[in-house]
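Have a look at the structure that comes next, please.
Note that the chains take the letters A, B, C and D in the order they are written out, and that residue 1 is the start of every chain.
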């Protein structure tokens, strides 16, 4: 519980992501119902809630994969609603996917190298005019990539096709890739799902290390042990609304939260 | 103008028949089948062959249907052609597309369909000769329905329209009243749920190919009856068929019917302002316009 | 002997010109996953563009500016690029099979323009009277053909080297990423629509170059030269050779073109006279079979794409 | 077609992508006419379990038996024709077809004339009578669930697999859906019910399994489990304050 000392400073801390009145409907289904949420800089926030509560929709809406019907999103004080996912990423807000989305027929190392931001060499004319500059930049990225691969223990598989990684390793690769851009904030979608316990432990350690270096985390996770032990703050969604916002200790005591999972007693007897 | 309208509806109803199979396959199997148009040629030529066979077998069959240039033997031949074309479509799927579905992605299937279309079209050319031909070499005179505005109509053309209408009504009845129709609708809406409801997906895919092939055969026959038989008629029609399917919305059978009519009418009316030589490009313009304005077509769902 | 040499010169000139187009398609399909069903449209734009700009003036008709050869060639290439831009803007954001249908349609539209817009393209009789550069200066036709082959080789090698450099660069990595997983690429700050459009236009311009060289070689272009079969042939070359591998693309071109020419020759030599009329059909069937069987039996082609990590960093770092 | 069936799932490991199992070594049994609830927090693999039984998942190891016959990895349509009905959580009706068409389609599974069965469904779910000719896409959420249930029951299955039938429903509609299950089970139809509303499910079921992290965590008599503090721990992790009042806070 190394982050418990930060609990409480939460409310006064500067917010990095601030969502106001976000609403999204899919036909009759209200996926997000007037969701307002701020994420403090440097925090690890857990986003929990029953299936279909709207957690992934929230992620998708924040990064611009899904257009909200209403509401505003600010990141680092800048309104980002209406941005496409690539633009949001370039603002420093990265996300990973619940089901890993690697570039399967590229090596793990190339998966990382690709993810480096603002690469000179990504202009088609550049190799002819800026070769030295690109090489220098690539060298820096390569070094960085190797460091991150080591950090995420993927260094042994660096030259393997990403498709050949195990499910857990692909999850790590998701994290490793977004680290290349040194984002201000990372939104992790079920980072521990399908990952074996020892790798999960590693993942948690890495998240804490990164968090100490200043990266803010918003994590969707179903593994409650993980959420309760490692998140400074817990936000719970149910039926598209925020039903709980507080510390892990409070969350475990919250009858309302428990009811959202367990349901009302006596129905149907 | 009136003549253009009539021609448009005529061509449109033929396109509609052809596009139904295309849209079904494109929706269920998720790939654009460039070889579908060749099934139209195949059906038309099968009809030609069996017309000759039946004509040789029985003298009675050589008699024409009242008012039409279509003989009884040709009418019977069309039925055989439907069955054979449907079977051919299913066999092509078995030999090529089904294997590729397991091996590779939908774009590989698109590409294979290019290859299949080349093979089918040129085998037809090889077997039947490259020159165009007719079911009947008698000259059929058109009746002048109206002089101003001019409207010339052949009895065969009325027949084609009625045939297309009858088939579409029959298809509608099959789709809405029979369990075979339900099966097709179900699979095209949600393959997983269809399986959960005890539907054999593989069998339904075969059924879709056979239905699409059968309808293509009729469409090919109608087209050839109104124009001529030629090994390249599939190549000439492929883009119009795609246009009909896209305008209607991929996967919507009723959309394909409406799309066919729209494409037929648009192509016919466009010729009032554009020289006839540019006719092949018109479906392309329709496709582009649809994709810009309404990428999912009239009845399609986004996917 | 002379006959054989001049025949080989002819064979390789055409084969290598087509190889350039195959390289262009490889950039689009092999590296970026763009299904271009209308290769021939961009080939045609390059060919017609060249002759319209560099050809002699025609009475009452557009074109025939008699521009210097290199400028005319560049103009043709540019025309292909512009066509690709127009088509690409409309289609690269769409589902992949829609792109296939739309590009297929472009080819048909271009062909009908070539056939009908006489004031622009000379209609069915095509554009002739183009004076090949330096032909008078070289004098001897055989020598000229040989020199022209050398020029084609230089162009092919140039395109090959340029493309290798391109696909080995971070740009190439980006193309592959878009091909592999568009959504992931976008979530990592890349703009797939923009990348796809870029690759589509560059690939089309390479096809335009191929078309320009083709028109130079024959000093003539007509709708016959841009029949849809050319698209199929070029695709077959890429699939046989191995998409995603530039060397495979060139190998595939030689194999398929060799097979095409060889089968044509064999049919003329051995098939009964009554069958000569159908030689074309038989060859088309062969192309169709090549496509289908390669996809079924060896979908990655003769020289499959290799898995490599982009090596672009300074050498000192790699040694680490 | 047998109208009773017993389900035995043993050591089942399955997922959607090979090498990435969502559930591992799951054991579940449903006796004849028994209602068995599967509850557990999100991501526990409850839905995956049902899909694996229905043949819609990649099974890595383990076995599924129905009345002693192995059906592991059997094609979904064959399985459902043999008397096992699966009701998916979402998209469980054909929206473009009418209620009538949906029922007839589902009834095709049984060899007998479907119409008499459809009649029976209409008497079981009188709500559907009013909407008989309507397109299913126009139904309300509760009506859709009833239709989905009716589609599963029209072929007279021996075993019913239900994936969160109350998800997305208003509480009253959810209550209605659940209350009909007892009626269904009475003639001997076994029900394996995955339910989010754990308390309601436990109140209804005979036995229950609790899944967490893709593993069996707990098994027992449903009513006993209702008062078990362990349940809260599994859902929210750690130890709940109220359960251990003696402990100094």
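Quick note on the criterion: a residue touches a chain if its C-beta (ideal position, glycine included) is under 8 Å from a C-beta of that chain, and two chains touch if they have at least 3 such contacts.
On a predicted model such as this, the values are computed, not experimentally measured, just so you know.
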Common touching chains of chain C and chain A: none
Pair with more cross-chain C-beta pairs in contact, given A-D and B-D: A-D
Chain whose mean Cα position lies farthest from chain D: C
Whole-Å separation of chain centres (CA-atom averages), chain B against chain C: 32
Between chain B and chain D, centroid-to-centroid distance (C-alpha), Å: 44
Computed distance of Cα centres, chain D from chain C, in Å: 57
Of all residues in chain D, the ones touching two or more other chains: none
Multi-partner residues of chain B (each touching 2 or more other chains): none
Chains grouped in pairs wherever the two touch, ordered by label: A-C, A-D, B-C, B-D
Chain C contact footprint on chain A (complex, rising order): 63, 65, 84-86, 89-90, 94-95, 97, 101-107, 109-110, 113-115, 117, 119-124, 126-128, 134-136, 138-139, 141-143, 146, 158-159, 161, 177-178, 181
Chain D partner contacts - residues on chain B that touch it in the complex: 176, 179, 182-183, 185-186, 189-190, 192-193, 195-201
Touching residues on chain D, where the partner in the complex is chain B: 54, 56, 75-77, 80-81, 86, 88, 91-97, 101, 104-106, 108-109, 151, 155
Chain C residues within the chain A interface of the complex: 165-166, 169-171, 173-174, 176-177, 180-181, 183-192, 198, 202, 305, 307-310, 312-314, 316-318, 320
Touching residues (chain side chain A, partner chain D) in the complex: 28-29, 48-52, 99, 166-168, 190, 193-194, 222-225, 227-229, 248-249, 251-253, 257-258, 261-269
